[in-house]
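Structures follow.
Next come two complexes, and both contain subunit A; in the first it sits with subunit B, in the second with subunit C.
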Partner chain A sequence: MKRSQTSFWQQIKSSRLIVKLSFIVIIIWVFTSLAAPLLATHDPSKTNPGEIFIRPFAKDSKGHLLGTDEVGRDVFSRLVYGSRISLLVAVIAGIISLLIGTSLGLIAGYFGGRVDSIIMRIVDVMLAFPFMFMALVFMVALGSGLRNIVLVLGITGWVSYTRTIRAEVLSIRRREYVISAEVIGCSSGRVIFRHILPNVIDHAIVIATMNMANTILSEASLTFLGMGLPVSIPSWGQMIATGRTYTYTAGWLTIIPGIAIFLVTLSINFIGDWLRDIRDPRLRGSQ
Partner chain B sequence: MLLYMGKRCLQAVIVLLVVSTLVFFLLRVVGDPATLMLDPNATKADYEDLKRSLGLDQPIHVQYVNFMKDMASLNLGRSYRYKQPVVNMIKDALPFTLQLVGVSLLLAVPLAIVVGVLAAVKRNSLIDSVMTTVTIAGRSIPSFWLGLILMMLFAVKLKILPPSGWGSLKHLILPSVTLAMGLATSTVRMTRNSMLSVMNQDYMKAAKAKGVSPFRLYIGHGLRNSLIAVITLISIQVGHLLGGSIVVETVFSYPGIGRLLINAIMVYDYPVVQASVVLMALLFVVINLIVDLLYSVIDPRIRVR
Partner chain C sequence: MRKMKWLLALLLVVIMVLGSLGCSSSKSPDADPSKADGSQASESKPEPKTDPSVVTIAASAEPEGMDPQIAGAAVGGNLSYNLYDYLVRVAADGRELIPCLATSWEQVDERTWRFTLREGVEFTNGEPFNADAVAYTLKRMFEPDTGRTTYNLKVVSEWKVVDEYKIDIISDKPCNDMPIRLYDLAILPPKYTEEVGPDKFGTDPIGCGPYKLGEWVTNSHIELLANENYWDGAPKTDRIVFRTIPEASTRLAELLAGNIDIVTDLSPDYIETVDSNEGYKATTALSKRVAYVGIDVLNEDSPKELADKRVRQALNYAIDRDTIIKNIYGGHALKLATIWRQDYVGYSDELSGGDAGYPYDPNKAKELLKEAGYENGFAVNLYYCPNTFLKCEEATLAIAGYLEDIGLTINLNKMEYNAYRAAFINGQEMHQGKGLFSWNWGAKPQTPDGHLAGALETGGITSYFTNKELDDLLAKLRAVDVDGRDAVAVDIQKFLFDECPYIYLWQQIDVYGINEKNIDWTPRLDQYILGTEINVK
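Up next, the complex of A and B:
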């Protein structure tokens, strides 16, 4: 374990500049969401009819660094608290899909037969139903809210794990070390967790990274459509959804939270690409 | 071949059945249309009345059979909100969505394939790394935000394109560019990777050794063999396009199925929600079916199976 960690740091050191910058963005993002109450200059939900539509970086900004919105809420503070929401959604939904997807992939690949075909048919149906529709129908049925959006993104995002992990398990399954483990009488659980899982975990990590970016985008899109997080929660998608009404007069209300989403997903995607290249060169498509 | 086609058609029908069942289950069993439609002050009697008039008081299996019968006979019911047959509303909206998706495909695919082939042929060159960076950026932009930014730039600042609405080709430009972005970036990536793996094959080396011109080599031998992967990706991406059209239509107030769906969801217009979701799934399944059958045209090896 130690070896892989030191080499991980070395790999970051020798990575491209853009990857290092991406790591910095992610660290800032995580730090901001953890320290939101300390960093925010104002209460993100406090309205102030006397200070509406203050421009970002204005001279008489009255302490509102990035300006204020249509009801006088501080854009910077909302942005800071919004980072919390996006991190929370991405991490929890990500863990749910990782767990579901990886276990189903392991089960389908290892046991094969009927279990495999049932799982893969479910995967087919999930793929046959455009994600956005699936998520919308779920959100309509469950109602909007933080818990529900996390659930919906979690239970719709596992398919890519299952497909990749299953394919990987199928090829590992017939290797000598797995067969020897079975021959000496290891239980299926032990074979799966001790011998197969460690060999597919890199794939799972790569997919998890890529999925995280998509989760953030999906959450923002659903919230933008009015089907995700309620207005009471200051999230980036919500900021754009309300700011959109004022594109003509107060463009910053749309532009600023969008830049935040873009920077975070861009950084995650750069890191994901880099991880895939160093951890799993076969996925690159060619050698 | 006939057997294969029959099998694929049967599969498509099954997928569609499962999707409709899922929609039914989620909307009727997990959610309760009656509570969502009533205002908070309604009495218990109002609730029961509404349930009866919607047929929601019947046992769940009876409801399910009725739902499936209605879907199969295209009897989609009347909109709760607009009181007109859902079929008419869908008929009005569908051409707009097809237009939008079609134009986006035309914008994205040819350009993306050219760029992808170039990036693969000139591997590790400046153009390759620029393209890789651009495709990652394209993947990371929230499409609704991109739409709003384009709108601000071309409609509000430069005033050369209409900000929203429909009617002319000009109205289609911003929505279709927004929608095409995601498709283009993933197609570039897929074309590049698929080309790279094909270029390592022995027949490519053989063709090169034979002295085939670079154009013929890359297009006739390379691209033709990479197309399977690219077309598969595009057929999957059509699902994302349909999903993306919901967002883009909302941003640009474009009167397609996506906006119909969102508006219906907002007012709990269940017949419209059901019909548009099942319709989208149907479109997606049909497109995938066509693509699957196309394979055998592009790659004769598949015909044998």
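Up next, the complex of A and C:
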């Protein structure tokens, strides 16, 4: 295993420029999320009808770096607090999907037979549903709110894990070391967790990275459609939803959060691609 | 492969930058892309001009039907006021009563009004108009299946046909303003209406108004044709087309492309854009809609603090209405002291005008809260739906901010239109909403009774307030003789100002976009667009 000998840091150093840039974007994103209260210049929810529609970088901006929105809230502070929400949603929903999807994939792949059929039919049903429709139905049933949107995105996003993990498990299932572990009397749990899981977890992490970008977009879309986060929580989707009315007169209200979503999801995707490439020995030669 | 990705990323960035440039430059009038579109389109697309007596109107929604006793709201009204005729009509500013199918009227005794009807009028299917038609219309209105009794007509208890062109309308309690209450009673042809039943009537209506129905293409347009036999002479405009365009920016674009003559429900933000295009004008008119924040004092699980008058006054002191109107509405809203509009009986600037209202005084508000024993504020829900009134979301968010300034904790609840209406119209029992709610009421011209009975009197459909003194005053306003109404109206306003059943806001100003090259038109207080009032150039 040559990969484990080169450190992660060296891998990044030898990566392409776009990947390095992506890492920088993600670091900034995570940093602003964690340090939001320190960075924000204003209370993100504080309205001020006396100072509405101040343009970004205006001379008389009154301390509003990126301007203000239709009710005088500071766009920069909302953006900073919004990054916190997107990170929170992406990470927690991602973990939920990862746990559900990976466990079901392991079970389906390892036990096979009827268990496999049932799980895979559920996967087929989930895949046959348009995602947005399913998420909207869940949101209507549960009601909007941060906890609910995390739950909904978590329980609708596990399918891709199950499919990939199951396929991997099927190929590992017949390897000698797995069979020998079974022959010497290891329990199913031990075989799965000690011998199979470590060999498929890489796949799960790559999917998790890719899914993160989708989750951020889904959260923004659901909120944009009015079924996601309540108005009191400053999130990027919310900013675009309320700014949409003013596309003609105050374009920055949609463009600024739009750029934020764009950069973060694009960076995550680049990093996801890169992670997949470096763990695939067939592609490593061309690096 | 890698190169492709780079290119793709680069392409996205370029698109984004271009997009942002396009948006930011639209502020300057010279670079305005919509302007260029507008002038070009009107040159290359002359169709709207070829037939000068066609007027095209764009509204945001389509009526559910054209039965005037079922279809309410402004959209349905737009059609009703063209298709049907009424015993009385009102002038555009809502202040003057104009005889129409009734030529004169008199109060016989305190409960009875006698109307003399116009002779020789026919419905478009040939049925004659007479006292029987009026009697039939009233009867149908009070039948539970077909009728939707308006607040104005709830007072009517019976009617007597005196002769073919005279009818007595009788109320169960003394009533001093029956003629204006008949303002939204569209007269229907008895034989035809009975024959086809309510469903068919909603799609194939017959009336005796200045227009008749041409064609109706669902979710596209409704066409009205001039009624050549209208008693007041055939209208000058031969054809009116009502188009349904839900998206405000699309309505604006269609106007500036020269395809539409009148656009309704524009945001004040678009006034500059419309005016900067030659040949187009944004017109504003006072609307009948009065915006306010309702305060639920009826229910026990609404915050108990709201039951205290001083708290409700504090809420009124907390709001800076002038700043909201100036900035969020660009000056296009009229501050009121309470809910009393200029066209209501008993209005005076000293008592009812905006300057007589609660001033913005957060310190006074905090003092009042302290006096009431809630120095540390309290938590309250604030419900709203973005389309309840013009810029409701922005206004509500601003109000929430002001209320937090005096120490309250506001939980904002944004609701979907139908859910919101279901929760608050006759929702006192279900009680899904507890606390404050952004609402509005569009009472008919001249008479405040629609609003008072519907949203303040004990038991009104959106009344979350109850007070014996107010109920007595309202009964008095209906019963007192005409000369005494002013005095009662003054008492009611003083009561409302002191008790604060609402956080008072403003009267809405509607914004319309007009294609000046084609037409000449002045909007009305009641928001209806009458074909007879449009002059085609």
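Operating definition for what follows: the second predicted complex is superposed on the first by the 273 of 287 C-alpha atoms of A that agree within 3 Å, B and C clash if a C-alpha of one lies under 4 Å from a C-alpha of the other, contacts with A are read in each partner's own complex, and residues count from 1 in each chain.
As a working rule, contacts are C-beta pairs under 8 Å (C-beta built on N, C-alpha and C of every residue); 3 or more make two chains touch, one makes a residue touch a chain.
Everything quoted here is computed from the prediction, not taken from an experiment.
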Check the residue A:262 against both partner chains and state whether it touches subunit B (first), subunit C (second), both, or neither.
both
Applying the touch criterion given at the start, work out whether A:79 contacts subunit B, subunit C, both or neither, answering first, second, both or neither.
neither
State whether subunit B or subunit C is in contact with more residues of subunit A in the superposed arrangement.
B
With the two complexes superposed on chain A, say which partner A:242 touches: subunit B (first), subunit C (second), both, or neither.
second
Is A:213 in contact with subunit B, with subunit C, with both, or with neither (first, second, both, neither)?
first
Partner chain in contact with A:47 - subunit B first, subunit C second, else both or neither
second
Is A:251 touching the first partner subunit B, the second partner subunit C, both, or neither of them?
both
For A:169, using the defined touch cut-off, is the partner it touches subunit B, subunit C, both, or neither? Pick first, second, both or neither.
neither
Under the stated touch criterion, which partner chain does A:18 make contact with: subunit B (first), subunit C (second), both, or neither?
both
If we overlay the two complexes on their shared chain A, which of subunit B and subunit C does A:231 touch? Say first, second, both or neither.
second
Starting from the residues of subunit A touching subunit B, keep only those that also touch subunit C in the other complex, and list them.
18, 226, 247-248, 251, 255, 258, 262, 266
Quick one: in the complex, what on subunit C touches subunit A?
2, 5-6, 9, 12, 16, 19-20, 22-24, 26-27, 34, 248-249, 267, 269-270, 273, 320, 323-324, 327-328, 393-394, 397-398, 400-402, 404, 411-414, 416
Show which residues of subunit B lie in contact with subunit A when the two form their complex.
15, 18-19, 22-23, 26-27, 30-31, 132-133, 136-137, 139-145, 148-149, 151-152, 156, 192-194, 196-197, 199-200, 236, 239-240, 242-244, 246-247, 250-251, 261-262, 265-266, 273, 277, 280-281, 284-285, 288
Going by the contact rule set out above, which residues of subunit A touch subunit B in the complex?
18, 124-125, 127-133, 136-138, 140-143, 213, 217, 220-221, 224-227, 237, 240, 244, 247-248, 251, 254-255, 258, 261-262, 265-266, 268-270, 273, 284-287
Which of the residues in subunit A come into contact with subunit C in the complex?
16, 18, 46-50, 52, 70-72, 226, 230-232, 242, 245-249, 251-252, 255, 258-259, 262, 266
